[in-house]
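Quick one: structure below, then a few questions.
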Amino acid sequence: GCQQKNPENAVLPDRTASKITIATQYGLGYAPLQIMEEKKLVEKYLPGVEVEWKQMGTGPEIREAMVAGQVDVGFMGISPFLIGWDKGVKWKIATASCSQPLALMTYKENIRSLKDFGVEDKIATPAVASIQHILLSMAAKRELGDARALDNNMISLTHPDAATALKAKKDIAAHFASPPYLFEELADPGLKKVLTGEEAFGGEYTFIFGVATEKFHDGNPAAYAAFIAAFNEAVAFINSQPEEAASILAPKYNLSPEKVYEYITWEGTNYCSTPYGIMAFARFMKEAGYIEKMPASISDIAFANVQAAIGKRYGEMSAIEKLQWGKGE
Amino acid sequence: MLELQEVVKVYLRENFRHEVLKGISFQVSQGEFFCILGPSGCGKTTLLRMIGGYEKVSGGRILLQGEEITGPGPDRIMVFQTFDQLFAWQTVRGNVEYPLKINGMARGERRERADFYIEMVGLKGYENYYPHQLSGGMKQRAALARALALQPQILLLDEPFASLDAQNREILQEELLRIWNSLKPTVIFVTHAVDEAIILADRILVMTEDGDIKMIVENKLQRPRRPGMPGFARMWDFLYEQVRSSRWQAEKRKN
Amino acid sequence: MLELQEVVKVYLRENFRHEVLKGISFQVSQGEFFCILGPSGCGKTTLLRMIGGYEKVSGGRILLQGEEITGPGPDRIMVFQTFDQLFAWQTVRGNVEYPLKINGMARGERRERADFYIEMVGLKGYENYYPHQLSGGMKQRAALARALALQPQILLLDEPFASLDAQNREILQEELLRIWNSLKPTVIFVTHAVDEAIILADRILVMTEDGDIKMIVENKLQRPRRPGMPGFARMWDFLYEQVRSSRWQAEKRKN
Amino acid sequence: MAKRMFANRLLSKLFWLLLLLLLWELISRSGIFEPTLFPPFSKILLVFWQELTDGLLLEKTCYSLQLILKGLFLSLAITVVLSFGAVSSRWVEDLVDVLNSILHPLPGIALLPVAILWFGIGETSILFIILHSVIWPMVVNLKTGFRSVPSIYLELGRSFGLKGIRLLGGVILPSSLPYFISGLKIGWARAWRAVIAAEMVFGAASGTAGGLGWHIYMTRYYFDIAGTFAALLAIVIIGILVEELFFNILEKMTIKKWGMV
Amino acid sequence: MAKRMFANRLLSKLFWLLLLLLLWELISRSGIFEPTLFPPFSKILLVFWQELTDGLLLEKTCYSLQLILKGLFLSLAITVVLSFGAVSSRWVEDLVDVLNSILHPLPGIALLPVAILWFGIGETSILFIILHSVIWPMVVNLKTGFRSVPSIYLELGRSFGLKGIRLLGGVILPSSLPYFISGLKIGWARAWRAVIAAEMVFGAASGTAGGLGWHIYMTRYYFDIAGTFAALLAIVIIGILVEELFFNILEKMTIKKWGMV
């Protein structure tokens, strides 16, 4: 983290005005937040702070709520964040949350790789600039030599609807799924994996980020620091005591603790507050025209604590910094 | 032939049965002009509606040519007492033509027939008016024209002339009798006016206020009838007295 | 005092102006019983509605105590010609009581007054009926009771007795005159029946079929009036002739 | 209109209901459709029963229902004011017409940015979405109803000295009650749809566990289609109860008794 | 009801419209609200104009409109059949009532699994969502309308020998036209809402570039709120045109001319 602030020497006005509103979406990708809420970790680092938890439907709503000043820290994918940043929203990445396995699933026997997709074989991704969409374009560039090769195959469908359509074998051939739909689809013997997210990206990448407004970061440093510290502790807790974490999380998801345990320890799942792959996504989105600006450096889009976790070596990039650019650089 | 056998009508209200008609029996033969006289609220409209098939009997039977009436039909056309019986979405001419059209009459013929009856009831010039643009009496006349134009076997007329001036009423009485003479439909005619009953009817049914038959009077006066003619005044006095006394008796019974 | 000055009423229809009333002027003094006679469709209802303030004049003025009428008011109550003037959601008693309640009468008093008038019009026992459960004549009587119970300065009655039997009509004529004698409201009474006009009115306005004044006749017969009394028949003949000729003239003018 | 032969309509409705459910069960069991997506009704019922007994469903239902009732009452008040304004004044009528043609076709979801900006992301925004869904169809119906009041009733009301709000309550509302009830029925159903949709967006934003809409979102997320249908079943059951107990009785006590329908 | 003094209502509506827009502009420019979420109307108009001139908006609007019209016509037919069945037969009425209380409150989004299962993810599913949105409010109104037909009209119709479908067309429909038009107005607005919502789900799934709903989704996703509002503006303009040109003229030619309102 950045300046490790003791609650005792926190600046006075901060302590009185300490309120933090955190918005998440639904799913186990946001598990550290439920741990934080349940174990009152923010309160631990900043006694007296008032934490408001909001669970919302999709990324754009969280983004709008942050722009409207209703939310201090929101969790979302890389694309909604970068699009907002590109449009001038004053916010930066405060932490990564997790990586999760993504995979392109199909029920068609004849499809084994991207080359096998015919003109009529539709692939569902959640939205045009979604991470799934971008990963697929990256893979198309690598395997087919053209980032736009699959553009006419791709259609937009939300995950539940795409999963439904895939199971019903109706109108679509493949679905670029994320958990828990991916788990569900992997369990279906009629479906098989064509491509994983890491294969597409060519390395590790972060799936979900915590984004904070600059207003919150600058105006309420104590609360910001408490949030980061608490988040890190929650991530550490999940990683070191997954069974206990699973039993805390289970009731919140209406699932059995065993199931939750299975999910949070699934191969490819990694709760980690250090981000991976952010610059590669930014570059790709810029190239594809989804955004107009390219961040000059990581510190343009991430707060100092993130920069600290990534590091910056003189002359060349640090090992983790390199990973932000993926294998493509 | 129309035959009512012990017809009873009961309305159920929250806590009690309102027995409107208590066992009415009479017969009307084909082509007869039959009048019903009776105080307001005695059940004349109800009776007519049951003959028309719009209302179920609560007891007894109504037979038409020996068969029980089960619902409305184009053999019996009723002119209702209320002013809202013209279709609001059709002009006067449209209203008169419509049932003819339904029954398959060709355009030209029905136009001609409609205009004939419209003129007869004195609504010439108002063919293209919508009902809401007519006066009360004009609405009633238009409804009458519509019914007459259909030339049904049985005409059920519920105080069709109540809202007409004496002059108009006289003319229409004459026209009605002319039509009746030439086509010989059975006419059942409800009226409050004793003189109207005498001028028009072959037989006159007088009802008591509590929904029973007081008497049926045969009207043997020579047609055409006029108020001043011999026997008219006597008949008038007699009927008037009957209606009045039926009312007082009912009142006494109530108290 | 009510004064009409050159009142004109025109309805605009798609392609032409229908001039219903063409410059009507007359005065009715406070407490007068004024009758309007005229053929169906001549504009009687329209005239009454304008006095009631429900309809705008197209020309001329209507003055009440020297002030122009701008809209309806509780000083003028109208009994309409149609059967749908009772509030469907109130019982007979509710209907009669409601305007009294609006005008701030205490519960007990208005109940008493309502019941008095309901009995007067012969609807005792029907207090709790809803309008759709009444016969046509009963609806009209209930509306009359409601209007009388309000005891307004001016009563506008549009053929209130048209759907009543002779007996009921006679009783209500008497009751109306009794009330008029004791409270002395101004009454403007539209009727088709010449004898009714003679029995009731101080003055009788005869209208032509095309919406003009034919004449205003002063009725100097001694009250109480009865059809058989001296002078009645002569007056009847005279008025009847006037109404008839006004109709024929109009017809001739049209052709 | 059509006269009924049997007094007890509930029986015949029950018959249809059971028939439909049977059909559902059969189609599902036939295996034509993927059974995880189209679970047999018996399974839905089982899930429903479990969730009902552990109190979860009841709690969520109450939460949503509470929002709906608030929304409906507010909508009702606003609708009456708008419609009455519209029939009283030409200017207000034109304003209401303009607002109606602008706002009625706009989906709540498209107004989210504004809703979030103005009302935040709590209950108020959900209420806003409900109001936006409920008010306009009710205004359309009530305005038509007010305009259809027979002019003779208005004339009588004015004659008796009624004006403004008293004319509204004494004459206009009772006389346009069939339209009003129709509008209320539509509003009730719309409120359900709106609350479900809004909760899916605002989720458990208000700090509580959320209502049925959020529950539907969650069950769908974890592919628990039977759970989704169990939540829908709760809505259906409440819908039928309200129809039979509230609307039918309301109609029997008013417009049917008065001979209006 | 209230008599109008000026014949030209359009003028006064225009006045209100301009006033509302001015208000929008002023509030937005005042900076009380975050301007990216609440862009000034002038900016929206600019975007609207750009998108209009480059043909994009027109194409998207036509696509959505085409879906709506299909949906409305289908719904109309189904509604009339259902409502007529309901007034003709006690059994059908009970079935329609049951269907209505089951389906009316269910949000389209909750029926998505079933819709996808049955109809896939193409236009048919969008149509299904539209029908589900439009049919029920229209059924509620039309059923009330049919039941409110004065019994004297039915009696006359039957007397003249009308039965079944001819009674429907000749008497019942014209007499319940105010309800019908109200229902149609609601249905029209609902169809818009439904098509927007459905397109957000099914996106450009049908292979074309998608309609306004998809456009709204995309602009929102790209945080182009002015673009979102420009799309809404297209809906509003069409709404006003249809209100003024279609509904007003329809009313003038029918229920107003007939003295029904």
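Structural remarks
By written order: A, B, C, D and E. Residues from 1 in each chain.
Keep in mind that, in the parts below, a residue touches a chain if its C-beta (ideal position, glycine included) is under 8 Å from a C-beta of that chain, and two chains touch if they have at least 3 such contacts.
Everything numeric in this text was worked out from a predicted model, so none of it was measured.
Chains making contact with subunit A as well as with subunit B: E. When every pair of chains is scored by its C-beta contact pairs, the maximum goes to D-E. The distance from the centre of subunit D to the centre of subunit E, with each centre set as the mean of the Cα atoms, comes to 17 Å.
Between subunit B and subunit C, the centres computed from C-alpha atoms are 26 Å apart. Between subunit A and subunit E, the centres computed from C-alpha atoms are 39 Å apart.
Separation between the centroids of subunit C and subunit D, computed from CA atoms only, is 48 Å.
Counting partner chains per residue, subunit D has residues 33-34, 37, 112-113, 116-117, 151, 200, 220, 260 touching two or more of them.
Chain contacts: subunit A has residues 64, 68, 160, 164, 168 touching two or more partner chains. Of all residues in subunit B, those touching 2 or more other chains are 82, 84, 133, listed in ascending order. Pairs of chains meeting the touch criterion: A-D, A-E, B-C, B-E, C-D, D-E.
Those residues of subunit B lying in contact with subunit C across their complex are 11, 13, 37-41, 43-46, 81-84, 122, 125, 129, 133-138, 141, 159, 162-169, 192-194, 240, 243-244, 247, 254. Subunit E contributes residues 150-153, 155-156, 158-162, 166, 170-171, 174-175, 177, 254, 257-260 to its touches with subunit B in the complex. Within the complex, the subunit B residues that touch subunit E are 52-54, 71-74, 76-78, 80, 82, 84-85, 87-89, 98-99, 102-103, 130-133, 150.
Residue ranges of subunit A in contact with subunit D, taken from their complex: 23, 26-27, 52-58, 61, 64-65, 68, 70-71, 160, 163-164, 167-168, 180-181, 184, 253-255.
Contact residues on subunit D toward subunit A in their complex (touch as defined above): 33-34, 36-37, 112-113, 116-117, 120-121, 200-205, 207, 210, 214, 217-224, 227.
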